[in-house]
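Below are structures written as C-alpha coordinates.
Two complexes follow with subunit A in common, the first pairing it with subunit B and the second with subunit C.
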Partner chain A sequence: MFEIKVNEAGDMLLSGRFDASQVGYANQFFDKVITSTVVDFKELDYISSAGLSVLLVTQKRLSEKNQQLKLMNMNRHIQDVFRYAGFDKIFVIA
Partner chain B sequence: MRKKFKRDINSLTEIFIFLDEFVAHHKLDESISFVLQLAVEEIFTNMVKYDVQNPSDIDISLAQDADQVVIELFNPDAESFDIHQAKEYDPSLPLNKREPGGVGIHLVKKFINKIEYDYKDGISKITLIKYLEKPHV
Partner chain C sequence: MFVKRIVGTGLGSQQCVNQIGYEDMPTTECEYQLRIPSETDNLELIRDFVSKVAEKVGFKSDDVGKIELACDEACTNVMKHAYASGQKNGKESLDILIQIDYDKFTLVVTDHGRGFDPDAIKLPDMKEYLAQLKVGGLGIYLMKTLMDEVDYQMQPGVRNQVKMVKYFIDKKNSKLIESEKENK
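Presenting the complex of A and B:
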(Lines of atoms letter the chains of each structure in order from A and count residues from 1; the text may use other names and numbers.)
(Lines give C-alpha, C1' and ligand atoms only; values in the text may rest on other atoms or scores of the structure.)
Protein backbone atom coordinates (compact mmCIF):
# COMPACT_ATOMS: atom_id res chain seq x y z
CA MET A 1 0.00 0.00 0.00
CA PHE A 2 1.42 3.36 -1.03
CA GLU A 3 -0.27 6.69 -0.44
CA ILE A 4 0.48 10.34 -1.03
CA LYS A 5 -1.31 13.08 0.88
CA VAL A 6 -0.85 16.81 0.37
CA ASN A 7 -1.39 19.03 3.38
CA GLU A 8 -2.62 22.64 3.48
CA ALA A 9 0.93 23.97 3.19
CA GLY A 10 1.44 21.93 0.00
CA ASP A 11 3.83 19.48 1.68
CA MET A 12 3.64 15.94 0.31
CA LEU A 13 3.38 13.12 2.84
CA LEU A 14 4.38 9.69 1.56
CA SER A 15 3.44 6.45 3.29
CA GLY A 16 3.84 2.72 2.67
CA ARG A 17 5.84 1.14 -0.13
CA PHE A 18 6.94 3.19 -3.15
CA ASP A 19 7.66 0.46 -5.70
CA ALA A 20 7.53 0.18 -9.49
CA SER A 21 3.81 -0.57 -9.52
CA GLN A 22 3.12 2.82 -7.91
CA VAL A 23 4.85 5.06 -10.47
CA GLY A 24 1.67 5.98 -12.35
CA TYR A 25 -0.10 6.90 -9.13
CA ALA A 26 2.90 8.92 -7.86
CA ASN A 27 3.24 10.82 -11.13
CA GLN A 28 -0.31 12.12 -10.73
CA PHE A 29 1.02 14.09 -7.75
CA PHE A 30 4.63 14.85 -8.69
CA ASP A 31 3.73 16.06 -12.20
CA LYS A 32 1.73 18.87 -10.55
CA VAL A 33 4.65 20.14 -8.45
CA ILE A 34 5.88 23.45 -9.90
CA THR A 35 7.62 25.13 -6.94
CA SER A 36 9.93 24.05 -4.11
CA THR A 37 8.08 21.45 -2.06
CA VAL A 38 8.69 19.49 1.13
CA VAL A 39 8.33 15.72 0.75
CA ASP A 40 7.92 14.00 4.11
CA PHE A 41 9.12 10.37 4.23
CA LYS A 42 8.14 9.83 7.87
CA GLU A 43 5.65 7.07 7.08
CA LEU A 44 7.41 5.71 4.02
CA ASP A 45 8.74 2.21 4.65
CA TYR A 46 10.39 1.46 1.34
CA ILE A 47 11.53 2.93 -1.95
CA SER A 48 13.07 1.26 -5.02
CA SER A 49 14.80 2.66 -8.10
CA ALA A 50 11.39 3.27 -9.67
CA GLY A 51 10.53 5.69 -6.86
CA LEU A 52 13.94 7.32 -7.15
CA SER A 53 13.28 7.95 -10.85
CA VAL A 54 10.02 9.78 -10.09
CA LEU A 55 11.88 12.03 -7.65
CA LEU A 56 14.79 12.56 -10.07
CA VAL A 57 12.56 13.59 -12.97
CA THR A 58 10.72 16.05 -10.71
CA GLN A 59 13.95 17.46 -9.29
CA LYS A 60 15.44 17.98 -12.77
CA ARG A 61 12.30 19.76 -13.95
CA LEU A 62 12.17 22.00 -10.87
CA SER A 63 15.88 22.82 -11.03
CA GLU A 64 15.34 24.52 -14.39
CA LYS A 65 13.30 27.11 -12.47
CA ASN A 66 15.65 27.19 -9.47
CA GLN A 67 13.14 25.23 -7.42
CA GLN A 68 13.67 21.91 -5.67
CA LEU A 69 12.23 19.08 -3.61
CA LYS A 70 13.23 19.05 0.06
CA LEU A 71 13.12 15.56 1.54
CA MET A 72 12.76 14.85 5.24
CA ASN A 73 12.32 12.12 7.87
CA MET A 74 13.77 9.16 5.93
CA ASN A 75 14.23 5.87 7.74
CA ARG A 76 17.78 4.47 7.79
CA HIS A 77 17.16 1.94 5.02
CA ILE A 78 15.91 4.64 2.67
CA GLN A 79 18.89 6.81 3.68
CA ASP A 80 21.14 3.93 2.56
CA VAL A 81 19.33 3.76 -0.79
CA PHE A 82 19.84 7.49 -1.32
CA ARG A 83 23.50 7.33 -0.31
CA TYR A 84 24.34 4.35 -2.54
CA ALA A 85 22.54 5.98 -5.47
CA GLY A 86 24.34 9.28 -4.87
CA PHE A 87 20.96 10.93 -4.47
CA ASP A 88 22.10 12.47 -1.18
CA LYS A 89 24.21 14.80 -3.34
CA ILE A 90 21.39 16.03 -5.57
CA PHE A 91 18.61 16.50 -3.00
CA VAL A 92 18.31 18.59 0.11
CA ILE A 93 17.69 16.02 2.84
CA ALA A 94 16.71 17.04 6.37
CA MET B 1 9.84 -21.61 -0.84
CA ARG B 2 9.29 -21.31 -4.54
CA LYS B 3 6.53 -19.64 -6.51
CA LYS B 4 5.72 -18.52 -10.06
CA PHE B 5 4.69 -14.94 -10.79
CA LYS B 6 3.07 -13.47 -13.85
CA ARG B 7 5.48 -11.32 -15.87
CA ASP B 8 3.82 -8.04 -14.92
CA ILE B 9 4.85 -5.09 -12.74
CA ASN B 10 1.57 -5.52 -10.87
CA SER B 11 2.81 -8.90 -9.63
CA LEU B 12 4.92 -6.94 -7.15
CA THR B 13 2.11 -6.87 -4.57
CA GLU B 14 1.95 -10.67 -4.62
CA ILE B 15 5.75 -10.90 -4.56
CA PHE B 16 5.99 -8.69 -1.47
CA ILE B 17 3.44 -10.91 0.31
CA PHE B 18 5.56 -13.94 -0.63
CA LEU B 19 8.67 -12.20 0.77
CA ASP B 20 6.85 -11.14 3.94
CA GLU B 21 5.83 -14.77 4.56
CA PHE B 22 9.43 -15.91 4.13
CA VAL B 23 10.74 -13.19 6.47
CA ALA B 24 8.13 -14.03 9.12
CA HIS B 25 8.77 -17.79 8.87
CA HIS B 26 12.52 -17.36 9.35
CA LYS B 27 12.18 -14.51 11.86
CA LEU B 28 14.48 -12.28 9.80
CA ASP B 29 14.96 -8.67 10.87
CA GLU B 30 13.67 -5.58 9.08
CA SER B 31 17.07 -4.79 7.54
CA ILE B 32 17.16 -8.14 5.77
CA SER B 33 13.51 -7.75 4.82
CA PHE B 34 14.24 -4.38 3.18
CA VAL B 35 17.17 -5.78 1.22
CA LEU B 36 15.17 -8.79 0.00
CA GLN B 37 12.35 -6.57 -1.19
CA LEU B 38 14.67 -4.20 -3.00
CA ALA B 39 16.82 -6.88 -4.63
CA VAL B 40 13.87 -8.98 -5.79
CA GLU B 41 11.93 -5.97 -7.09
CA GLU B 42 14.89 -4.62 -9.06
CA ILE B 43 15.74 -7.95 -10.71
CA PHE B 44 12.10 -8.91 -11.33
CA THR B 45 11.20 -5.54 -12.90
CA ASN B 46 14.29 -5.76 -15.11
CA MET B 47 13.16 -9.18 -16.32
CA VAL B 48 9.70 -7.76 -17.05
CA LYS B 49 10.86 -4.53 -18.72
CA TYR B 50 13.39 -6.08 -21.08
CA ASP B 51 11.25 -9.04 -22.16
CA VAL B 52 7.70 -7.75 -21.99
CA GLN B 53 6.40 -9.97 -24.84
CA ASN B 54 7.59 -13.17 -23.17
CA PRO B 55 4.47 -15.04 -21.92
CA SER B 56 6.39 -17.22 -19.46
CA ASP B 57 6.03 -16.69 -15.74
CA ILE B 58 9.06 -15.83 -13.61
CA ASP B 59 9.98 -18.22 -10.80
CA ILE B 60 11.30 -16.95 -7.49
CA SER B 61 12.92 -19.27 -4.97
CA LEU B 62 13.89 -18.30 -1.41
CA ALA B 63 15.99 -20.31 1.03
CA GLN B 64 17.84 -19.68 4.23
CA ASP B 65 20.60 -21.57 6.00
CA ALA B 66 22.56 -20.70 9.11
CA ASP B 67 24.26 -17.59 7.82
CA GLN B 68 22.78 -16.55 4.51
CA VAL B 69 19.64 -16.07 2.46
CA VAL B 70 19.70 -17.35 -1.10
CA ILE B 71 17.30 -15.86 -3.65
CA GLU B 72 16.99 -17.34 -7.14
CA LEU B 73 15.04 -15.78 -10.00
CA PHE B 74 14.41 -17.99 -13.03
CA ASN B 75 13.54 -16.23 -16.28
CA PRO B 76 12.48 -18.86 -18.86
CA ASP B 77 12.52 -18.44 -22.65
CA ALA B 78 14.77 -15.42 -22.22
CA GLU B 79 17.82 -14.03 -23.95
CA SER B 80 21.04 -14.29 -21.99
CA PHE B 81 21.73 -11.17 -19.93
CA ASP B 82 24.55 -11.39 -17.44
CA ILE B 83 23.87 -8.88 -14.69
CA HIS B 84 27.64 -8.44 -14.30
CA GLN B 85 27.73 -6.93 -17.80
CA ALA B 86 25.22 -4.18 -16.97
CA LYS B 87 26.43 -0.65 -17.68
CA GLU B 88 28.23 0.83 -14.70
CA TYR B 89 26.20 3.43 -12.80
CA ASP B 90 27.95 6.62 -11.70
CA PRO B 91 26.55 7.91 -8.38
CA SER B 92 28.75 11.01 -8.51
CA LEU B 93 27.07 12.65 -11.51
CA PRO B 94 25.55 16.11 -10.96
CA LEU B 95 21.79 16.49 -11.32
CA ASN B 96 21.91 17.90 -14.86
CA LYS B 97 23.90 14.88 -16.12
CA ARG B 98 21.57 12.27 -14.65
CA GLU B 99 18.86 10.37 -16.45
CA PRO B 100 16.30 7.97 -14.98
CA GLY B 101 17.29 4.31 -15.09
CA GLY B 102 20.37 2.25 -14.43
CA VAL B 103 20.39 2.65 -10.67
CA GLY B 104 18.44 -0.52 -9.83
CA ILE B 105 21.20 -3.02 -10.62
CA HIS B 106 23.71 -0.74 -8.90
CA LEU B 107 21.61 -0.84 -5.71
CA VAL B 108 21.36 -4.63 -5.88
CA LYS B 109 25.16 -4.84 -6.11
CA LYS B 110 25.48 -2.55 -3.08
CA PHE B 111 22.99 -4.37 -0.85
CA ILE B 112 23.65 -7.98 -1.86
CA ASN B 113 26.87 -9.80 -0.90
CA LYS B 114 27.15 -12.18 -3.84
CA ILE B 115 25.52 -12.33 -7.27
CA GLU B 116 25.75 -15.30 -9.63
CA TYR B 117 24.48 -15.61 -13.17
CA ASP B 118 23.72 -18.77 -15.11
CA TYR B 119 22.14 -19.33 -18.53
CA LYS B 120 21.14 -22.79 -19.60
CA ASP B 121 18.48 -24.20 -21.94
CA GLY B 122 16.93 -20.77 -22.44
CA ILE B 123 16.57 -20.13 -18.73
CA SER B 124 18.29 -17.06 -17.36
CA LYS B 125 18.95 -17.56 -13.66
CA ILE B 126 20.15 -14.90 -11.23
CA THR B 127 21.19 -15.97 -7.74
CA LEU B 128 21.45 -13.36 -5.00
CA ILE B 129 23.12 -14.20 -1.70
CA LYS B 130 22.71 -12.01 1.38
CA TYR B 131 24.85 -12.86 4.39
CA LEU B 132 23.17 -12.74 7.77
CA GLU B 133 25.06 -11.05 10.57
CA LYS B 134 25.82 -13.35 13.45
CA PRO B 135 24.51 -12.15 16.82
CA HIS B 136 27.18 -10.51 18.94
CA VAL B 137 28.26 -12.57 22.00
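Presenting the complex of A and C:
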Protein backbone atom coordinates (compact mmCIF):
# COMPACT_ATOMS: atom_id res chain seq x y z
CA MET A 1 0.00 0.00 0.00
CA PHE A 2 1.37 3.38 -1.00
CA GLU A 3 -0.42 6.70 -0.95
CA ILE A 4 0.33 10.34 -1.67
CA LYS A 5 -1.74 13.13 -0.20
CA VAL A 6 -1.28 16.81 -1.03
CA ASN A 7 -2.36 19.37 1.55
CA GLU A 8 -3.62 22.93 0.94
CA ALA A 9 -0.09 24.31 1.12
CA GLY A 10 0.99 21.92 -1.63
CA ASP A 11 3.08 19.74 0.71
CA MET A 12 3.16 16.08 -0.25
CA LEU A 13 2.62 13.42 2.42
CA LEU A 14 3.88 9.96 1.45
CA SER A 15 2.67 6.86 3.27
CA GLY A 16 3.26 3.14 2.95
CA ARG A 17 5.86 1.44 0.78
CA PHE A 18 7.29 3.11 -2.32
CA ASP A 19 8.64 0.49 -4.73
CA ALA A 20 8.68 -0.17 -8.50
CA SER A 21 4.98 -1.06 -8.53
CA GLN A 22 4.11 2.50 -7.47
CA VAL A 23 6.16 4.53 -9.94
CA GLY A 24 3.26 5.22 -12.33
CA TYR A 25 1.00 6.33 -9.48
CA ALA A 26 3.72 8.51 -7.94
CA ASN A 27 4.54 10.18 -11.25
CA GLN A 28 0.95 11.42 -11.48
CA PHE A 29 1.76 13.63 -8.49
CA PHE A 30 5.45 14.40 -8.94
CA ASP A 31 5.04 15.36 -12.62
CA LYS A 32 2.80 18.23 -11.46
CA VAL A 33 5.41 19.68 -9.09
CA ILE A 34 6.82 22.88 -10.60
CA THR A 35 8.12 24.80 -7.58
CA SER A 36 10.01 23.98 -4.39
CA THR A 37 7.88 21.52 -2.46
CA VAL A 38 7.97 19.85 0.95
CA VAL A 39 7.76 16.05 0.82
CA ASP A 40 6.83 14.60 4.20
CA PHE A 41 8.09 11.04 4.79
CA LYS A 42 6.52 10.73 8.23
CA GLU A 43 4.28 7.83 7.24
CA LEU A 44 6.55 6.26 4.64
CA ASP A 45 7.86 2.88 5.74
CA TYR A 46 10.04 1.87 2.80
CA ILE A 47 11.62 3.13 -0.40
CA SER A 48 13.60 1.33 -3.13
CA SER A 49 15.72 2.72 -5.97
CA ALA A 50 12.54 2.97 -8.06
CA GLY A 51 11.14 5.49 -5.59
CA LEU A 52 14.48 7.26 -5.31
CA SER A 53 14.51 7.65 -9.10
CA VAL A 54 11.11 9.39 -9.06
CA LEU A 55 12.47 11.87 -6.53
CA LEU A 56 15.68 12.32 -8.50
CA VAL A 57 13.87 12.99 -11.79
CA THR A 58 11.76 15.62 -10.06
CA GLN A 59 14.76 17.18 -8.32
CA LYS A 60 16.64 17.30 -11.63
CA ARG A 61 13.73 19.04 -13.34
CA LEU A 62 13.25 21.51 -10.48
CA SER A 63 16.95 22.31 -10.17
CA GLU A 64 16.92 23.73 -13.71
CA LYS A 65 14.60 26.44 -12.34
CA ASN A 66 16.51 26.84 -9.06
CA GLN A 67 13.73 25.03 -7.23
CA GLN A 68 14.02 21.87 -5.13
CA LEU A 69 12.31 19.18 -3.11
CA LYS A 70 12.62 19.49 0.66
CA LEU A 71 12.36 16.12 2.36
CA MET A 72 11.39 15.76 6.01
CA ASN A 73 10.52 13.28 8.77
CA MET A 74 12.34 10.25 7.33
CA ASN A 75 12.56 7.18 9.53
CA ARG A 76 16.01 5.77 10.23
CA HIS A 77 15.79 2.97 7.64
CA ILE A 78 14.93 5.43 4.88
CA GLN A 79 17.67 7.79 6.03
CA ASP A 80 20.07 4.85 5.69
CA VAL A 81 18.87 4.13 2.12
CA PHE A 82 19.45 7.76 1.17
CA ARG A 83 22.91 7.55 2.72
CA TYR A 84 23.81 4.28 0.94
CA ALA A 85 22.79 5.83 -2.40
CA GLY A 86 24.52 9.14 -1.65
CA PHE A 87 21.18 10.92 -2.03
CA ASP A 88 21.63 12.63 1.33
CA LYS A 89 24.09 14.90 -0.50
CA ILE A 90 21.67 16.10 -3.19
CA PHE A 91 18.46 16.63 -1.27
CA VAL A 92 17.63 19.04 1.53
CA ILE A 93 16.61 16.69 4.34
CA ALA A 94 15.10 18.09 7.51
CA MET B 1 -2.28 -17.30 -9.07
CA PHE B 2 1.13 -18.12 -7.76
CA VAL B 3 2.84 -21.11 -6.29
CA LYS B 4 4.46 -20.57 -2.98
CA ARG B 5 6.67 -23.24 -1.55
CA ILE B 6 8.46 -22.98 1.74
CA VAL B 7 10.82 -25.77 2.68
CA GLY B 8 12.47 -26.05 6.06
CA THR B 9 14.85 -28.86 7.01
CA GLY B 10 13.83 -28.71 10.62
CA LEU B 11 16.91 -27.09 12.12
CA GLY B 12 15.98 -24.09 14.23
CA SER B 13 17.12 -20.61 13.38
CA GLN B 14 18.89 -20.07 16.70
CA GLN B 15 20.92 -23.22 16.05
CA CYS B 16 21.97 -21.72 12.73
CA VAL B 17 23.39 -18.68 14.45
CA ASN B 18 24.59 -20.10 17.73
CA GLN B 19 26.61 -22.92 16.22
CA ILE B 20 28.96 -20.61 14.35
CA GLY B 21 32.39 -22.18 14.34
CA TYR B 22 31.34 -25.80 14.87
CA GLU B 23 33.52 -27.87 12.57
CA ASP B 24 30.94 -30.62 12.03
CA MET B 25 28.17 -28.32 10.81
CA PRO B 26 26.54 -29.35 7.52
CA THR B 27 27.07 -27.09 4.50
CA THR B 28 23.46 -25.91 4.30
CA GLU B 29 21.15 -26.07 7.29
CA CYS B 30 17.89 -24.64 5.97
CA GLU B 31 16.38 -23.71 2.63
CA TYR B 32 13.34 -21.59 1.87
CA GLN B 33 11.88 -21.18 -1.61
CA LEU B 34 9.31 -18.96 -3.26
CA ARG B 35 8.13 -19.11 -6.88
CA ILE B 36 6.10 -16.11 -7.90
CA PRO B 37 4.94 -14.34 -11.10
CA SER B 38 7.42 -11.76 -12.36
CA GLU B 39 5.24 -8.72 -11.66
CA THR B 40 6.04 -5.63 -9.63
CA ASP B 41 2.73 -6.02 -7.79
CA ASN B 42 4.35 -9.00 -6.06
CA LEU B 43 7.37 -7.11 -4.71
CA GLU B 44 5.71 -6.60 -1.34
CA LEU B 45 5.00 -10.34 -0.99
CA ILE B 46 8.61 -11.10 -1.91
CA ARG B 47 9.97 -8.58 0.61
CA ASP B 48 7.72 -9.99 3.34
CA PHE B 49 8.96 -13.52 2.62
CA VAL B 50 12.64 -12.57 2.60
CA SER B 51 12.49 -10.27 5.63
CA LYS B 52 10.58 -12.85 7.70
CA VAL B 53 13.27 -15.47 7.00
CA ALA B 54 16.06 -12.97 7.74
CA GLU B 55 14.40 -12.10 11.07
CA LYS B 56 13.88 -15.78 11.86
CA VAL B 57 17.56 -16.59 11.51
CA GLY B 58 18.56 -13.78 13.83
CA PHE B 59 19.52 -10.75 11.76
CA LYS B 60 18.99 -7.42 13.46
CA SER B 61 16.60 -4.85 12.04
CA ASP B 62 19.29 -2.94 10.10
CA ASP B 63 20.52 -6.04 8.28
CA VAL B 64 16.97 -7.28 7.65
CA GLY B 65 16.31 -3.94 5.95
CA LYS B 66 19.44 -4.29 3.81
CA ILE B 67 18.57 -7.83 2.71
CA GLU B 68 14.97 -6.82 1.97
CA LEU B 69 16.06 -3.89 -0.19
CA ALA B 70 18.77 -5.86 -2.02
CA CYS B 71 16.20 -8.54 -2.88
CA ASP B 72 13.72 -5.92 -4.04
CA GLU B 73 16.38 -4.43 -6.35
CA ALA B 74 17.35 -7.82 -7.80
CA CYS B 75 13.71 -8.79 -8.41
CA THR B 76 12.83 -5.39 -9.85
CA ASN B 77 15.68 -5.79 -12.36
CA VAL B 78 14.25 -9.15 -13.43
CA MET B 79 10.71 -7.80 -13.70
CA LYS B 80 11.82 -4.79 -15.75
CA HIS B 81 14.56 -6.27 -17.90
CA ALA B 82 14.66 -10.08 -17.96
CA TYR B 83 11.65 -10.56 -20.18
CA ALA B 84 11.31 -8.39 -23.29
CA SER B 85 7.84 -6.88 -23.25
CA GLY B 86 6.96 -8.33 -26.67
CA GLN B 87 7.85 -11.83 -25.49
CA LYS B 88 5.78 -11.80 -22.32
CA ASN B 89 2.97 -14.32 -22.11
CA GLY B 90 1.90 -13.64 -18.53
CA LYS B 91 3.42 -16.83 -17.23
CA GLU B 92 6.90 -15.54 -16.46
CA SER B 93 7.96 -16.34 -12.96
CA LEU B 94 10.98 -15.87 -10.80
CA ASP B 95 12.32 -18.11 -8.09
CA ILE B 96 13.76 -16.97 -4.80
CA LEU B 97 15.88 -19.41 -2.87
CA ILE B 98 17.27 -18.66 0.56
CA GLN B 99 19.98 -20.92 1.92
CA ILE B 100 21.00 -20.67 5.56
CA ASP B 101 24.51 -21.87 6.34
CA TYR B 102 26.23 -21.73 9.71
CA ASP B 103 27.92 -18.46 8.81
CA LYS B 104 25.88 -16.87 6.05
CA PHE B 105 22.52 -16.11 4.46
CA THR B 106 22.48 -16.71 0.70
CA LEU B 107 19.73 -15.30 -1.49
CA VAL B 108 19.42 -16.56 -5.08
CA VAL B 109 17.03 -14.92 -7.56
CA THR B 110 16.49 -17.00 -10.70
CA ASP B 111 14.68 -16.15 -13.92
CA HIS B 112 14.47 -17.71 -17.36
CA GLY B 113 14.51 -14.54 -19.41
CA ARG B 114 17.04 -12.98 -21.73
CA GLY B 115 19.57 -12.14 -19.02
CA PHE B 116 22.41 -9.73 -19.55
CA ASP B 117 26.19 -9.63 -19.72
CA PRO B 118 27.39 -9.17 -16.14
CA ASP B 119 30.84 -8.12 -17.39
CA ALA B 120 29.19 -5.16 -19.15
CA ILE B 121 27.86 -3.85 -15.85
CA LYS B 122 29.88 -1.00 -14.52
CA LEU B 123 29.18 0.33 -11.10
CA PRO B 124 28.36 3.99 -11.48
CA ASP B 125 30.85 6.55 -10.25
CA MET B 126 28.44 7.87 -7.63
CA LYS B 127 30.22 11.21 -7.33
CA GLU B 128 29.76 11.86 -11.05
CA TYR B 129 26.36 10.17 -11.04
CA LEU B 130 25.01 12.48 -8.37
CA ALA B 131 26.71 15.58 -9.77
CA GLN B 132 24.88 15.03 -13.05
CA LEU B 133 21.69 13.80 -11.34
CA LYS B 134 21.65 10.76 -13.58
CA VAL B 135 18.62 8.55 -13.26
CA GLY B 136 18.57 4.75 -13.20
CA GLY B 137 21.21 2.10 -12.63
CA LEU B 138 21.01 2.50 -8.89
CA GLY B 139 19.69 -0.99 -8.20
CA ILE B 140 22.92 -2.89 -8.81
CA TYR B 141 24.93 -0.27 -6.96
CA LEU B 142 22.65 -0.66 -3.94
CA MET B 143 22.78 -4.47 -4.09
CA LYS B 144 26.58 -4.39 -4.00
CA THR B 145 26.55 -1.82 -1.22
CA LEU B 146 24.01 -3.64 0.93
CA MET B 147 25.25 -7.23 0.63
CA ASP B 148 28.66 -8.80 1.32
CA GLU B 149 28.84 -10.63 -2.02
CA VAL B 150 26.92 -10.34 -5.31
CA ASP B 151 27.51 -12.79 -8.14
CA TYR B 152 25.80 -13.39 -11.51
CA GLN B 153 25.46 -16.58 -13.52
CA MET B 154 23.79 -15.96 -16.87
CA GLN B 155 22.47 -18.50 -19.38
CA PRO B 156 20.10 -16.32 -21.46
CA GLY B 157 16.76 -17.98 -22.12
CA VAL B 158 17.71 -20.91 -19.91
CA ARG B 159 18.53 -19.75 -16.42
CA ASN B 160 19.87 -16.48 -15.05
CA GLN B 161 20.83 -16.17 -11.42
CA VAL B 162 21.83 -13.41 -9.09
CA LYS B 163 23.36 -14.73 -5.89
CA MET B 164 23.79 -12.43 -2.92
CA VAL B 165 25.38 -13.28 0.40
CA LYS B 166 25.14 -11.65 3.81
CA TYR B 167 27.35 -13.05 6.57
CA PHE B 168 25.97 -13.39 10.07
CA ILE B 169 29.06 -11.71 11.44
CA ASP B 170 31.40 -9.29 9.81
CA LYS B 171 33.56 -11.08 7.25
CA LYS B 172 36.77 -9.63 8.70
CA ASN B 173 35.76 -10.89 12.14
CA SER B 174 35.06 -14.32 10.64
CA LYS B 175 38.58 -14.42 9.25
CA LEU B 176 39.96 -13.45 12.64
CA ILE B 177 38.02 -16.29 14.28
CA GLU B 178 39.30 -18.76 11.65
CA SER B 179 42.83 -17.50 12.21
CA GLU B 180 42.51 -17.89 15.97
CA LYS B 181 41.19 -21.43 15.55
CA GLU B 182 44.13 -22.34 13.34
CA ASN B 183 46.59 -20.95 15.87
CA LYS B 184 45.20 -23.09 18.72
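Please note the rule applied: the second predicted complex is superposed on the first by the 94 of 94 C-alpha atoms of A that agree within 3 Å, B and C clash if a C-alpha of one lies under 4 Å from a C-alpha of the other, contacts with A are read in each partner's own complex, and residues count from 1 in each chain.
The rule we apply is simple: a residue touches a chain if its C-beta (ideal position, glycine included) is under 8 Å from a C-beta of that chain, and two chains touch if they have at least 3 such contacts.
Because the structure is a prediction, the values reported are computed rather than measured.
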Original post:
Mind checking subunit B and subunit C on superposed subunit A, clash or fit?
Top reply: clash
Original post:
In the superposed arrangement, which partner chain does A:49 touch: subunit B (first), subunit C (second), both, or neither?
Top reply: both
**OP:** Check whether A:3 is in contact with subunit B, with subunit C, with both or with neither, and answer first, second, both or neither.
**Re:** neither
**OP:** Kindly classify A:57 by the partners it touches after superposition: subunit B alone (first), subunit C alone (second), both, or neither?
**Re:** both
**OP:** Classify the contacts of A:11 with the two partner chains as first (subunit B alone), second (subunit C alone), both, or neither.
**Re:** neither
Subject >> Touching both subunit C and subunit B, counted on subunit A across the two superposed complexes >> reply: 17, 19-21, 46, 48-50, 52-53, 56-57, 59-60, 63, 77, 80-81, 84-86, 89-90
Subject >> Sites on subunit B touched by subunit A in the complex >> reply: 9-10, 12-13, 16, 30-31, 34, 37-38, 41-42, 45, 90-96, 98, 100-101, 103-104, 106-107, 110-111
Original post:
For subunit C, which residues are in contact with subunit A within the complex?
Top reply: 40-41, 43-44, 47, 61-62, 65, 68-69, 72-73, 76, 79-80, 126-127, 129-130, 133, 135-136, 138-139, 141-142, 145-146
Subject >> Partner subunit C, residues of subunit A touching it in the complex >> reply: 17, 19-21, 46, 48-50, 52-53, 56-57, 59-60, 63, 77, 80-81, 84-87, 89-90
Subject >> Interface residues, subunit A side, partner subunit B - complex >> reply: 17, 19-21, 46, 48-50, 52-53, 56-57, 59-60, 63, 77, 80-81, 84-86, 89-90
